[in-house]
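Shared between the two complexes below is chain A, which has chain B as its partner in the first and chain C in the second.
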Partner chain A sequence: MTTSDLQIGQSYAYAVARIRQAENGLLDRNRIARILDASEMSEILRILGETEYSWAVSDVAATDYEAILTRELERVFRYVSQFVPDLTVVDLFRMKYDLHNCKVAFRALALGVDGSGLWSPLGTVSAAEIWRAATLEIGLDGFPKHARDLLGAGLDHLQLGVSGDTPADDSRLEQLADRPIDPQALDAVLDRAYFSSLDEAVYQIGSSLLTKLLRLRVDLVNMTAFLRCVRLRRGLAALRSAFIPFGDLPLELFEKLYNEPVETFVREMSMSMYDSLISEWSAFSKRKDAVAILERLGRRYFTEMCSASSAAVFFGPEPIASYLIAKENEINDLRTILVGKANGLDTESIRERLSGAYA
Partner chain B sequence: MVTTGLLLALLGVAIAVIPAGIGSAIGVTIVGQAAAGVVTEDPSKFGKTLVLQVLPGTQGIYGFLIGFLIMQKLGLIGGVVPQVATETGLGFLLASLPIGVVGLFSAVLQGRVAAAGVSILAKRPDELVKGMIYAVMVEFYAILALLASFLAYNGVPM
Partner chain C sequence: MELRVSPTRMQLLQLKRKLAMARRGHKLLKDKRDELMRQFMELVESVRELRLEVEGKLSRAMKDFLIARMQMSSSEIGVSVLYPTRVLDFEVAESSTMGVTVPQFNPSDEGDQASGESSEMYPYGLAMTSAELDTAIDSLASVMPLLLRLAEREKSAELLAEEIERTRRRVNALEYVLIPKLEETIKFITMKLEEVERGNLTRLMKVKEMVRGGGV
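Let's turn to the complex of A and B:
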C-alpha cells in the first residue's frame, strides 16, 4: 500500500459509498418489465414518477420523452459532480455531448441548414459557444482541451482555420458553401478527435480498468464500423477513415477481413477476447439488422464487463464510471421503449431491441 | 537520573502507542468518509455505519494498553523517575514492536475492509453482518499482535 493508494482511498471512499447507495435507484428488471408492459404513455410516466425520474417527468408533456431523459441525465451529472473527487470522471461521459454538438454545428455549417433544434445541453461546453467557435466568431483559447481538439479537428477538416485561430473571417465561411463536404468523413475526423480526448482523459485519471474499458469500447465501435463498411461496400479507404486507433484490435486485422465472408470475421473474433460476444452474435450475423444487433449486444457486453470489473473496487473512480455507464444504458433502453411505444411497436419487438443489462 | 534503559523503555511506549494510533486514525477516517457518503443518502443507516467505523479504532486502544502497562510497570504513573537497566528497557522496546507494527498496518487495512462493508450496507443492508465479519477477520491479527506484545511485556523483569 503506497501513500497515493491511501490518498485515493480516502478521497474516493465518500464518493463510492454515495454511488453504491445511488445504485439502488437504478431501474431493475421488474420495473423495466412493468414499463414495457404499460399500454399508455401516461402509465409509463406514472411508473417513472415512482422512481428517481419523478423530478424529470414533472411538468413535462407525456410525448416529450426526450426532454424527460435529458433532464434525468442532467440531474445525474449534476449529482455526481457534487462529490466526485476528480471531475474528469464525469467529463468522460459529457464529452460525448460535446462531440454531438460539434457534429451538429459543423454539419449545419457545411450543409447550410439550421441545427439549433438538435443541440444537447449535456456537454461540458454550451452548444452556443461551440456554434460561435465553429462560425469563427470566437477563438478556441477559452475552451477546455478536449473541446479545443474537437473544434480544431472540425475547423481543420473544413479548412476554416487551425486550432487556436481567432479571426472572424467571413470569406472563409462563404467559400465553404462552394465546397462539397462529405458528412461521414467529417464525423470520422470528429470521432477520432473525441476518442483521442477520451484516451487522454483516461490517462489523466490513471485507472487501468478505465483504460481497458476504453479499449473495449473502441474495439466495439471499430467492429460495427467494419461491418457497416462491408455491408455498404464502402471500400477500404472508408474503413481506414472510420477506424479509431485506440483499441486492441488492429486496423490490419480489419483490412485482412474486409474481403472475407462474415464467417471468417466470426472465426477471427472468436479467437479474441470478444469470444462470448461474437458467438452470441453469430446466430444473427446473416440478418439485415446484424450491425444494430452487434451494437446492442456490445452495449450489454460493455456494461456487464464494466460492472463485473468495478464490483470489487471500493476506492477509485471505477464504481462511479460504472454507475454512469449503467445510467446511460438505462436511459438508452428507456428511449428504445418510449420511441417504440410512440411508434406503435409491439412489446416483443421492443423487448428484442433492449440491451438487457439492468441493475 | 534518566538512564539509557529508561529511554529505551519510553521509546517502547512510543512505538506501542504512536503507529497503532496513527493506523487507527487513518482506518477510522476511511470508514467515516464512506459512512458519511451512505448517511448523506440515507440518514437512517447512521447506527449501522457506526459499528463498522469503530472496528479499526481498536488497534489504537491495544497500542495504548501496552504503552500504559509498560509505564505502569516502570512506575512512571506515580511521577517517580525509575532506574531501569538497559536490558530491561530494550526488553520493553522489543515487546512493544508487535502491536506497534501490526497495529499500524492492520488498522489501515481493516479500515479499507470496513469501508467496503459500508458499501455492502449501502446496497444490501440485510447483509451488513457479512461485511462486519470480513472486517473482524483483520482484527484477529491485531489481537494476536496484542497478545504477543502482552506476553513479551510480562516476560520483561523489572
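Let's turn to the complex of A and C:
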C-alpha cells in the first residue's frame, strides 16, 4: 500500500463503515429465489416492499418496473453521496447515464425530435442541460470535465463545433437535420470518451485497485465487442472503431484473432489473466448465444473480482465501488426477473439469464 | 317478367342475337369465376402458410426483443434503435391475373440489404449494448421480406375476392335475370307473331271462302 493509498483510506473510514452496513441490505440468494418463485407481479412487489426497495415500490404501478429500478438507483446514489468523501467515486457510476443522455440528445437532434421518454434522471448533469448544450443553446464551460468531454466529442463528431463560447448557430443544426449521421460511429466516439473519462476519474481517485477493475471492465467490453464484430462480419475497421483502448488486452491481439476460429480465441485468452472466465465460457463458445453468455459470465466474473479484491480493503474507495457494482448487478438481475415475469417467461429461462452476482 | 318491346320480327331477331351473346357471356364469366376461384383457393392456401411462417418468426423476434429487454433498460433499447440506419425501400409494380390488377412489392437494393448480413443495420455501438439486441435485430430483419410478400399476397387475395364477387354477381344476373327475361320475351314475341300469322291465315281463308261462294 502506498502513502497515497493510506491517506485516501483514512478519509474513507466512516464511509466504509456505512457501506458495510448498506451491504446487508443487498438482496441475498434466498430473496432472489423467492422473487423468482413468485407467480404474480403484486407478490414480487410485496417481497420487494420488505427490502430496501420499499421506498422505490411505493406509489408505483406494478407494471412500471423500470421506474422502480430507477428510483432505487436514485436512492442509492443519493444515500452514498451523503457520506462518501470524494463524489468522484459515485460519479464513476453516474457517468454512464450522462453518456446515455448524450446519445439520446445527439440522435434526437439528428432526427429533429425531442427524445422524450428516453432521458435518464441518474446522470451527474440534468438531461435538460445536456439537451441545451447539444442544441448549442449554451456552451460547455459550466459542465463537469467528463460531461464536457462527452458533449465535446459528440459535437465534434457531428461537426457542430465544440467551444464553450460558440454562439448558437441554427444553420449548423439545420444542416445536421438534412444529412444522415452514422449512429455506430457516433456511439464509438462517445463510448471512447466515456471510458476515457472513467480512466481519468479513476486516476484522480488514485486507487490502484479501481484502475485494475477498470482495465478488467474494458477488457470484458473489448472481448464481447470483438466476438460481436466477428459474428456480425463487421470487418477490421469496425473492430478498430469499437475498440476501447484502456484495457490490458491490446488491439493487435484482437486484430490477429479476427480471421481465426473461435478455438484460437479461447486458446489465446486462456493464456491471459482471463483463463478461468474463458475456460468456463469455452463450453458455450459454439452456441448461437455464446456472446450473450460471455456477457453474463463476464458480469459475474467482474463482480466476484471486485468483491474479492475490495473485501480485504477496510479503508478506501474500493468497498464503495464494490457496493455500487453489486447494486447495479442486483438491479440488472431484478430487471431480468421483472421483465421475464411480466411477459410470462418461464422461471428456468429467467434463472439462466441471471448473472447471479448479487450478494 | 318479359321485356317491354314491340313484338316484331326485327325485335325477335335482335333479341335472339342478344340471347346468344348473353349465353356466351354467361359461359365465359362462369369459366372466369371458376378460374378465379381456383386461383383464389391456391392464393389463400399460400397466404395461410406464409402467415403462419411470419407469425412464427415475429413471435421469435418479439421473444428475442424481450430477452434483450431483460438485459437493457427500456430507455437503453429506445436510444439504441432511435436512429435507423436502414430504410426498407420497395417499389410497387402491378401485374394482371385474369384481368385483376394485383400489386407486386419489389424491395429495392437498399431494402434487400436490410434483410442481409451487413452490420449497417445495427444502429448502435457495441460497448454499452447487449449482444442479445443483435439477435433481436437479426430476427426482426429476417421477417421484413416475408412481411412484404405477405402484404402482397393478402392484398392480391383481397382484390381477387372482390373480383370473384363481382363476377359471381354478373353470372347470377345473366343466369337468373337477363337470360330468362330474353327467353320469355322471345317466347312472347314468337307466340304473338304466330298469333298474328294465324289471324292472317284465318282472314285469308275467310276471304277465299267468300270469293268461292260469290258472296262479294
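Following the convention adopted for this analysis, the second predicted complex is superposed on the first by the 346 of 359 C-alpha atoms of A that agree within 3 Å, B and C clash if a C-alpha of one lies under 4 Å from a C-alpha of the other, contacts with A are read in each partner's own complex, and residues count from 1 in each chain.
In the analysis below, a residue touches a chain if its C-beta (ideal position, glycine included) is under 8 Å from a C-beta of that chain, and two chains touch if they have at least 3 such contacts.
Keep in mind that this is a model prediction, so the values were computed, not measured.
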Partner chain in contact with A:Phe314 - chain B first, chain C second, else both or neither: first
Which superposed partner A:Ala292 touches (first chain B, second chain C, both, neither): second
First, second, both or neither for A:Ala110, with chain B first and chain C second: second
First (chain B), second (chain C), both or neither touched by A:Ala13: first
Larger contact residue set on chain A - chain B or chain C: C
Which superposed partner A:Gln21 touches (first chain B, second chain C, both, neither): first
Which of chain B and chain C A:Arg351 touches, first, second, both or neither: neither
Doubly contacted residues of chain A, that is, touched by chain B and again by chain C: none
Chain B-facing residues of chain A, complex: 1, 6, 9-10, 13-24, 83, 314-315
In the complex with chain A, residue positions of chain B that touch it: 26, 29-31, 33-38, 40-42, 105, 108-109, 112, 115-116, 118-119, 122-123
Footprint of chain A on chain C - complex, ascending: 66-67, 69-71, 73-76, 78-79, 82-83, 85, 117, 119-120, 122-128, 130-132, 134-135
Interfacial residue positions of chain A with respect to chain C in the complex: 66, 69-70, 96, 99-100, 103-104, 107-108, 110-111, 115, 117-120, 181-184, 186-188, 190-191, 194-195, 221, 224-225, 227-229, 231-235, 238, 242, 244, 288-289, 291-292, 294-295, 332, 335-336, 339-340, 343, 345, 350, 353
